[in-house]
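The structure appears right after this line, and notes come after that.
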């Protein structure tokens, strides 16, 4: 069971390499009669697209998506939705030099150990190019999820974290970092400029938030909503850590400080804090769902690094291709998309459960 | 698709509530002719068993496991292995008082929102009682995984972290915290004694490590080894964060500091550091696999907390049952078990891939 | 991925051997708040139970089922339902003689080839004993399916087929064959008596019918309702053929004769015939769903048969254990149960689809 | 969980409608280093392609397949294989007349009941066009299966069955029916010519056979090899029945006549007959695997038929498009392909089991 599908009821399967002719995606399980057209997907692809500032790789990919099936007269039909994006700017010659070398921090060595063969051009299947399809699937998930708002932001670059008090969602769209803190964005601009010029790279932390999710989504005990979210985020290239709500900070808290108290507010149950990040027992509580993940620095850097090649020879590796000084930036739309697909899946799973239960009740 | 199964080729399914007659587990996909007997499983169950020190719940459960199928004359047959553990010390009367109340930080409210019905006795399906079955499945996974050593330790209690330089594996077995740092264990004994007497609780961080995993396990791109590990750990009760290798620390690093360099050592590829935690591109590299997770403090505390009941009335809740002042302690064997089951699954998945590829090679 | 689970949203997993201590089942995905108690399941188990006439094996198994989880105060909770049936009358000594021999027509040889080890007592995992759990899962599926009537009958024994014009459902309960044609039942009584005395056996054809299934269940294109039914029936021990509606007869028909015409009757769409057996394009049409399957004769017979043993020696095999002269009889309740579980699964799958679509419509 | 994927370890997912821009397929789980190029797939697509004789629909589709991923320098890489086939000859105007009508025997009514929306052009997702992708996936499965020969034949048209004694595999390629009996082929040519001219249609029975499958493939108890084959065949458009080995004939046999005896032949286990069709207990026995399935007559016929439209009006329907007088003909390559994909899946599943078991043995 190879791992190129994600989700259960809302499920997508992707294919394609960085420097092959195209990448593509089949989104299965989309309910019928959901309005859908190319711009609904292209909008989110454009946000992820590289080459939009000097802080992301200069590879120029229009990422024009084609809907091949599953939509008829502007609505989904319930049939699988086939999506295709042709690769345009492959520039394979950049990669010939490292064809037999294992770049430190990359998947080269692991792929060879696993498969005994590797499409070395631009990282092949291990390339972040694949994340475009996550964004496309996420765009469809957003259409399925009505009343849910999904947003993300980069909240830390290197060791420099934003001030949470300064968080403004409108600022996120106004700087190349998706940073919600204007002062931090200005600092990062300077810092990352220097890192880029030095041919180095830096890590980041992303936070994605879903508002409007009702209580009741998530399947105990192994498909908990937070378990599926952890898998979703950790499956994104370069991610090394995931946390929900208070996250690792929860380890330092007392039971009194950690448990969110409840009161009735306006006749509705309300929580007085959100240490839980909107999930208890693996099930959504109705509070905003808050997920953070850490992105390591790109390993494609100009400084020569010690490594070996596939013949067991020791080598020095320098990666000369076009790369991201802070790949965390482009992870923001990808994290949002993964949050959307997990929620769409659990929305449908809960719908099935409730439909069955409702029937029983009226017995 | 309800969520009570875990894994693909090595797959277990569990059932049972905290205060029902029994809990049980079906482990499917265990290869035939693996030596297996009750003590192989009981050994690990005994490590997780509550009531072994004053720092874990005083509920007395022998957790005697019965093998109902799948083993014949001391060996697995390839048929599913049914396991049963009878509940003994349910003491339901402790829970009547909170039958209609939503305990802050517990899953009570979320379960009611999801199912419209709840077995409130001892947390029902949401109880940590279910983790005994993870440990049982993990014990079988360890038998499948030859040459792999899986160990765990508690490395932080509250804000107090161990000294990594002081790490000694033999110390782990000599204190009630599975703590590898003798000095830290002594400090914790005092601290947790005070917390316990105050009827409060505290969080913790656990680290689990697998040594002996060859390069090549893990399935790009959505079933990456680290993605499956993140799901596995986050699915454990009370876990709020998961990280691999450098984890969240990776966000603060430069590309030079983060990427593990390679050299040939004794004719074999060797890494000069392990920031990656043994996984690159979602595939094991042959280095030790290092996973950490954060466990929140138990929400069952003696201090009255504000909440509501299922009738929408505001209430004060005090949990009087037997509970763990630091539930992270018991999470150590559970985390080890989840590491084992994920590895057993990916071992078999890689075996299938290699068998197919090998056939092709000789064509 | 071992094959001991069946279904997607309504999914059960079984374990247990013919002569082990117990057999059991986990039914996952049952919606909450469905009324359920032991008699709801025991009723159907009693129908399948062997030893009720001289025409089924004389093994005496009370098949008393215990519900271990997932039910609270008379209702399902949405948690997995654990079921346990202790084996009582194993009489293992019957089987020692054939421990190393491959009984012709049995799975002995194939199991050894696959697993390299075999629990030879009473057929082990290959025994029809496992079908009790299908019936138990089917009983729960019936509770989930409201308004659907599922019935079955044996319509052919050997070459002797019933008269369809003589079909009376009330007759089915009045003879040991579940035969709907009184005259046929009388003939079979005589015929099967002779076969039993001769230590021989005979095959049969079973028909199971579901009435009250609305149009719209089934998932194109690979999980068509009829495809899942074909798998369900063919997975029953000794089944060698499955057909829907006109089945193999459809091969002989012209397009005019085969396609069911439609008219409006009482303001509702109505079909004028049911060659399709209630399924078109893999989706239910609202007509009765009609499935037939062929059951081969038991291979456990008294006549010595040529075979080999596991050491490659040629042997003569006679099976002396207690067996069924026409195992098709006991396949009737099993076929009904498999029809029920497939329908319950597709009911929930369609509910998920409709819930998602409904949401979209109101956009 | 929508149903557009098939298989577990060897798994393909398809998309595309009859009259959309393209159809496509993702084949996941193909082991690495299997030699693969476009002609390996195109060869089998060409066999299925319509318009090659006057007995199949005159729609002209070149069915040129493009490999978009997963193959590098002539070998599979272990990454998912994306396949794309552009639709060329859609001729949508043929279908406008029946846009709102439910054609008797078609899936029109069922699709509308399920989805509430339907791509009516050429049957949309319900079209047999989708079977081209089964053939493509089957072509890759054949490359994975070394040493296995898979062949098929049409053995009955209407009520006219071939003489089994006259079976010659070389004849199969020499007539437009894939008929192995020369005399039958001549009869059918005349009969089907008349049926075609009359604008009518006729059903058929197909037999597919796999030789060279070793003993041991198939997963008891719910994923039996025959159960998966039954699902595979029944999922093909227009199939109404499936049987293995003696099939429905087994119902008429005595235990003595049905059970295949064994002897040692040339030092190897050998069966003296093959009533079982190569499968016992759901596991292959090493004998040829024999599967038959019944294909109903196309419902697209020139004779006006009574039906209704989506507005509840009674109508007469005549289907004027290009169609197959005996769609069973084109089902032969499709049945072969489905046999291949099921076998490739179970080959890999058994490989995983054996790899795990082998490891255990050497312990």
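Here the chain labels run A, B, C and D in written order, and each chain numbers its own residues starting at 1.
Keep in mind that, in the parts below, a contact is a pair of C-beta atoms (placed from the backbone, for glycine too) under 8 Å apart; a residue touches a chain by one contact, two chains touch by 3 or more.
Only a predicted model underlies this, so the values are computations on that prediction, with no experimental measurement involved.
Under the contact definition, subunit A and subunit C share the contacting chains B, D.
The chain with its Cα centre farthest from the Cα centre of subunit B is D.
Work out the mean CA point of subunit C and of subunit D, and you get 25 Å between them. Subunit A and subunit D have centres, each the mean of its CA atoms, that are 38 Å apart.
In subunit B, the positions touching at least two other chains are 1-2, 4-5, 8-9, 14, 30, 32-33, 76, 78-79, 114-116, 125, 220, 349, 353, 357, 361. Touching subunit D in their complex are the following residues of subunit C: 1-6, 8-9, 14, 102-107, 109-111, 113-116, 125-126, 130, 156, 158-159, 195, 200-205, 214-224, 226-235, 237, 240-264, 267, 269, 272, 275-277, 279-286, 294-301, 303, 305-308, 312-314, 328, 349-350, 353, 357, 361. Those residues of subunit C lying in contact with subunit B across their complex are 1-2, 4-5, 8-9, 11, 13-17, 20-24, 26, 28-30, 32-33, 66, 68-70, 72, 75-82, 84, 114-119, 124-125.
Interface residues of subunit A facing subunit C in the complex, by the touch rule stated above, are 1, 9, 30-35, 76, 78-79, 143-144, 146, 220, 347-349, 351-357, 359-361, 363.
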